[in-house]
Amino acid sequence: MDQFLQALASGLLLGGFYAVMVLGFSIIWGVMGVINLAHGEFRMIGAYAAWALFRAFGLDPFASLVIILPVMFVVGYALQTILLNRVVERPHLMALLVTFGVSISLANLYKVIYSADPRSVPVSYNGSFELFGVTMPIVKTIIFFLALLIMGLLHTFLHHTRLGKSIRAAAQNKDAARIVGIEIHKVYAITAGICIALTAGAGAMLSPTQAIFPFMGPPFTLKAFTITALGGLGRIPGALLGGLLLGVTELMVATYVPGIGTNLGVAVSFVLLVVILIVRPQGLLGGLRPMEVE
Amino acid sequence: MNSQQPLLEGRDVYKFFGGLAAVNGVDFAVYPGEIVGLIGPNGSGKTTLFDCLTRLQTIDKGQIFFKGQEITRVRPYQVARMGLARTFQVIRVYRKMTVLENMLISRQWRGEGLLNMLRPSHPDTERRARHLIQFLQLEHLTDELAGHLSGGQRRLLEIGMALMPDPDILLLDEATSGINPTLIEIIKDRIRTLNREQGKTFLLIEHNINFIADLCSRVYVLNFGEKLAEGTPEEIMENEAVIEAYFGA
Amino acid sequence: MSTLTQAARPSLLRRWGGLLLWLLLLALLAIYPYTGVTGSALFTATQVFVLVTLASNWNLIGGMTGYVDFGHAVFFGLGAYSMGILVTRVPLAFSPELSFWQALPLAGLVAALFALIIGLPTLRLKGPYFSIAMLGTFVAMREIIRILRPITGGGTGLDLPPVLNRVNEYYFMLGLMGLVVALIWWIRRSEFGYTLIAIREDEIGAEMRGINTTMHKIIAFMIAAFFTGIVGAFWAWQNTYIDPDVVFIEQRTVEMVMMSMLGGLGTVWGPPLGAVVIYFLQDVVWGNLLNFHLMALGILLILLVLFLPEGILGSLGDPSSTSLGRLLRRAGRRQE
């Protein structure tokens, strides 16, 4: 029972992180129909940025968000303006290939800059505390609650601001949005900016708990895809639910299937993904129907 | 009025999209050698019914029979090979292939062995394709890319593709929409020829009432997914429920 | 039916010319080792043959059938590991040991069988969903190989006894490449090939016209996997060492995709052409940029998509269909 509770708690904490990590992927997909294969790389960039700032100035990873978020917003805005806006209205494959190219370029650029050696960010509070006999890692607990906060803020932004409403309008009907005077490519660029900033921010937040290396990206892209398939496209509650589901599933498998370890996380999420895609191609909660943002 | 076994039959067919019944308990039969019309206002479920009959959509309730055999769960390609061919409201031709290649794709099936498939098209298949291209008066376009054809020529090509496997029944979905009157006359004439000389059965979705009146012996009228009326074109045109559905009261 | 005019058939040369040229080229390449070249020149040529073969295989499923496989290297990896396991593990359990030639077709079959198993569910997925599912298959397989330590050696990998030399490596890959490209050429002009392209252009339409789309896709996928597996098996022997990180690298899939795209998706001669061009580009880039070559590859992919989506051959065929073509035409108009 203790073992079960531990796996459940760890799974939920992991799921909270997954939820915030997947938002950027899910919203880009939901709003402009682009599957961003470089998603994991932006998370990697965020983690490296946190590491570099920690090393150079002793800046705490959570504090470094103040720098990382605006910088990565600009990066995302530029990426959309320079590359993705040229392919969003072409066949799906084009955008897929472009982001694939971005993914390879970034991973290898970082390999050249930082070498393939794993890095870590040893923060002082990287311990854990006991709660009802369950071990709770401090950093992951902070992330979990931050994730909830971020999702709340994002939900408010999308529903109660003019810009947020433009983004949702663009997602639901591009042409109609255009007719009412929304500059679609600019809305896309802002969306990409927000999403990439969020993704890099998620990477920075998790940097104290995981090894950082140039090729950490692709498994996360895959997980993002799985979570989106679980929870639905561009839906914030869906991202949370999908993230929690995947987190708990992974931890349960790692706990109860002997001799496997956490390495199989990717395999688990893949199996989940293929099963969902085949059994319910519209996504577990019907969210892969194009294209709503809630 | 027809004591034979129906060639194509739908019994109590239902198809739902979400909570909406696109086809709502329709009974339906086409007998060998008939030309049957299927009419109804926009959104009345005509094309959905077509999709159900050809297995493009899986029905939620009811049964579909073709040549006396139940095909409710049979895969679409198998239904096609049993002798059912159709055209589409939104034309489906291969734009990057030539007219001839389009015809060859819809070939008469001649075995599935890998060695068979690895051969180029059989000379008989090609001969048949060229003959049909001529029959539909497209011979000057044989080697033209289908993407370069006019809308009407593409409709004709699609009918040709449907004829390639020598089907027993052809389902034509709005064969005359967006087509100039000369080509409509050609299509009408070809349908009549195929029906009289080769005994082919037709089921036509149409908005063009004259076309229906000239060709069809029986007409079904759909409205809101339900069968509103059934009868000869003359009866239908005098049916008050039909007039009301079309023009409102 | 009797009034049918016997239309002019394309001349014999047009029908068979491509294959004849290919055989001629193969014959010339067969003489190459006798011209007193060094072993490293033969090695280079063999690498090019490997790339041409991989690109042509990928093109069968990705280009002709339109199922863009982002994890095709999984079949390469399975071939390599089948070879490694068959020659190093199996003999311990059952002697006598298997030779290279005995293990080779088995490695191909393992890859093809896996294509059947994974293809039945994934080939039902459309567009990007298939691509991602295959990428997932690839990543998951790498982890599985890592975990199955008793069989695969895990992260430590497997050592294979060296048996091949540069000359027989060269001839083996020359033969395999010759066979694969000729097969693709044959498929392209067969009914099977037409059907694959019909599936790419409009799968529902193909199904509604009596084509068993599932079976065609699976067969194309299995053929592409079989030969990719054989190349992987060969590579394992040539390299004499395999571990998950040298066998399952994303770069291999990227190369297959890019070479096909550069040359022209779905064409017979495009992928081989693209493979040669990219190999020499890499060679040049390698010489000057060292570590940046993969990054350059990624950037090249982006540029390709933006400016030359139909590939070299596709653009030659119809210049108006590419951005580059439009650009050139616009420039031409401005000059008038």
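Letters A, B and C mark the chains as written, and numbering starts fresh at 1 in each.
Note that contacts are C-beta pairs under 8 Å (C-beta built on N, C-alpha and C of every residue); 3 or more make two chains touch, one makes a residue touch a chain.
Quantities reported herein were computed from a predicted structural model and do not represent experimental measurements.
Shown here, the protein chains touch in a chain-like sequence that does not close on itself.
Of all the chains, the one whose CA centre sits at the greatest distance from that of subunit B is A.
Work out the mean CA point of subunit A and of subunit C, and you get 32 Å between them.
One inter-chain figure worth recording: subunit B and subunit C are separated by 41 Å, centre to centre, where each centre is the mean of the chain's CA atoms. Mean C-alpha positions place subunit A and subunit B at a centre distance of 48 Å. The set of subunit B residues that touch two or more partner chains is empty. Within the complex formed with subunit C, the subunit A residues making contact are 35, 37, 83, 86-87, 90, 92-94, 96-98, 100-109, 111-112, 218-219, 222, 225-226, 260-261, 263-264, 266-267, 269-271, 273-274, 277-278, 281.
The residues of subunit B lying in touch with subunit C in their complex are 54, 56, 75-78, 80-81, 85-86, 88, 92-97, 101, 104-107, 109, 112, 114, 116-121, 127-128, 130-131, 134, 142, 161-162, 164-165.
In the complex of the two chains, the subunit C residues touching subunit B come out as 1, 3-5, 7, 186-187, 189-192, 194-195, 197-198, 201-202, 204-213, 215, 219. Those residues of subunit C whose C-beta lies close enough to touch subunit A in the complex are 68, 70, 121-122, 124-125, 127-129, 131-133, 135-137, 139-140, 143-144, 146-147, 250-251, 254, 257, 261, 291-292, 294-295, 297-302, 304-306, 309.
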